[in-house]
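Shown below is the structure under consideration.
Chain IDs A, B and C follow the sequence of writing; residue 1 opens each chain.
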């Protein structure tokens, strides 16, 4: 067993008495790719937002890289070494793609030239060099999604949180994204935690899958085991099939 | 200080505040639906006031009667403004919308200045100086009448939004812009209608206001600010909130005039505004965003 | 440091800027007193617009109450001069400090309580109004009666006390405007500039990238209000009279921000161009009206309003960005 990078231990969160997440725990090993799945309203995003610093958990602890991070602000979480993307992309519209990524790269350096070089390298890595001088507002959805990833990567995170980064993409575009993350993981050892609805991507990417239902973790393990788990089939995949 | 005086001044303040409330209601309705802050609101009120002054001066029409055609004219003005100017700005950044309406406001104030000059004007009807006895208190008749009418108009508007088909459609637009588009409502037209209704409110208030205060072109910006203060205190988009805010401001003005200097009156309103913004930004009766 | 200021700027832009500066430097030698007074006004609005632009154009916080900073700085410097004989160059420091403090208080309250957009704008108006009424009753500076600096006829300029000819004021203002322009360029090309633009565009995403949004907004407010304070000090010593009714008024705040909006919010040259265009426009209209024999009060402002309307409708980003593109002066990257 490799070392754990992120350990979420029994976190809960209620909104106006409604328990969105209840005693959820999960572990992301160093260098691993873990998917968080579950039907709509299962508490995935809430869970994710607690790790990303948007909400403070009501109880439980989040340990990242040996350090307790629950209740830190999102900018502090970023400095701790976690980069994230948004499900609904939030590019800096009037800035160019390159400038967008420079903002991220300035996390690690205050020197703009150095940040620019870093940003150019990241854009290159994601195959976006030809788009670098386009204002983000003019990019297509898949390009914007890539830009989100590039921006997050430029902050030099140890862990990448991906919030439904495949949503809205066509199957070929999904495959391209999957390839990007595989390469990041294989070549650069990037650890990834993703929320994902697109099972095609989940199955292709994850080494481990955690299933949330009604705010609780009901199963976790290798993807091929989890999809055969009767509880999972009933709550999640069953619903998907009906729909 | 005699208690009766305090109560009389307080009551006068509350009555005036109801007319303020009607003026602010227009702003609130417009913001609540169109999500555009009408920075020319006070200026539009001043246009209505001059309309009433002209009607009285030229044909001796009581402002309370002239109020009806004036409200109709302001409705048309508001409708046209929304349709021609503001609709294309709906998705522009806030500062663009602001500068658009600020430009309109500048044109209105100075247009009035060109036509009517800088001198203060007022309307003196034969009952201007009459008083009504309410228990031991003696209050101005015009304030009682205008406050009653402001309440009646608000009630009518309230009924319109709650009961009529168009009113419901407008509320739907306010709640969910996209949804309203999806179910096939003509959102732009409803926006124009809303701006017209808000303008009609401020038109009625402007006509009535001539009975209460002197009018100069320069009170426009003052009342724009006043309307903001009122709707933010009451809650942007809340109709009862606008009335409550108006009453609070009317009361605070009257009381600060009595206990401090009359010139300090806006300070109290603004102080209330700052406190509300900090501790209850949605306003006293506003819903949390 | 220096190279950062001119990095990526096309040579033509540098040449044009140099020509403009040279023109402004020799202007007092060739123009008459009337034109000089207008140029002073242009520079005043260019500088103040630049200061406001830091907060709105860079960091995206719409302030409609910048007259507050002009006013309290003007009063601070003037009161120190009149009551204690402290000269403007010493008085400018407390003036800046007080303006900044006011900005930081408003910023702190607004940003900590999560007030933004229209609500923030209204809060800034509210504070300016509050202060205006307060100064109306502030006897130490003569309340609503106005506060006056002694005007003495002097043979020679006395720059140490900011007493002297319009030419002296002109050159001081020109120097301040140029420095502000360079300072803003320096800010915008540095980390803080990128951070502000990120906050302006998407505060939530900015925070996710490690930006302490609250802190950078506060810095923007501090710099903007501090810069604006200089305008106030200048105003006090140039005009020699201060009335709360005028200096703190909402219309004064709006006047200050028209330039950058017309010129182009967020661009460096926009406030300068906007100040030129607006001031020139106002003067031309006055001249035309005068020539035609119309002396109706308000007609100038109506025309002004119509021009404003036209610009905001047809040039949503202001005059400068499309003009820059047309002239081929955009930064290379």
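One rule holds in what follows: contacts are C-beta pairs under 8 Å (C-beta built on N, C-alpha and C of every residue); 3 or more make two chains touch, one makes a residue touch a chain.
Just so it is clear, the structure is predicted and the values come from calculations on it, not from any experiment.
Which two chains touch most often is answered by the contact tally, and the pair is B-C. Ranking all chains by how far their C-alpha centres lie from the centre of chain B, first place goes to A.
Computed from the mean C-alpha positions, the centre of chain A lies at a distance of 49 Å from the centre of chain B. Centre-to-centre separation between chain A and chain C, using Cα means, comes to 44 Å. In this assembly, the C-alpha centroid of chain B lies 32 Å from the C-alpha centroid of chain C. In chain A, no residue touches two or more other chains. Chain B contributes residues 37, 85, 88, 92, 94-96, 98-100, 102-107, 109-114, 117-118, 217, 221, 225, 228-229, 232, 261, 263-264, 266-267, 270-271, 273-274, 277-279, 281 to its touches with chain C in the complex.
Considering their complex, residues 56, 62, 64, 109, 113-115, 117-119, 121-123, 125-127, 129-130, 133-134, 136-137, 144, 250-251, 254, 258, 261, 265, 296-302, 304-306, 308-309, 312-313, 316 of chain C touch chain B. Note for the complex: chain C touches chain A at residues 4, 189-191, 194-195, 197-198, 201-202, 204-213, 266, 333. Considering their complex, residues 52, 73-75, 78-79, 83-84, 86, 90-96, 98-99, 102-104, 106-107, 110-112, 115, 133, 151-152, 155 of chain A touch chain C.
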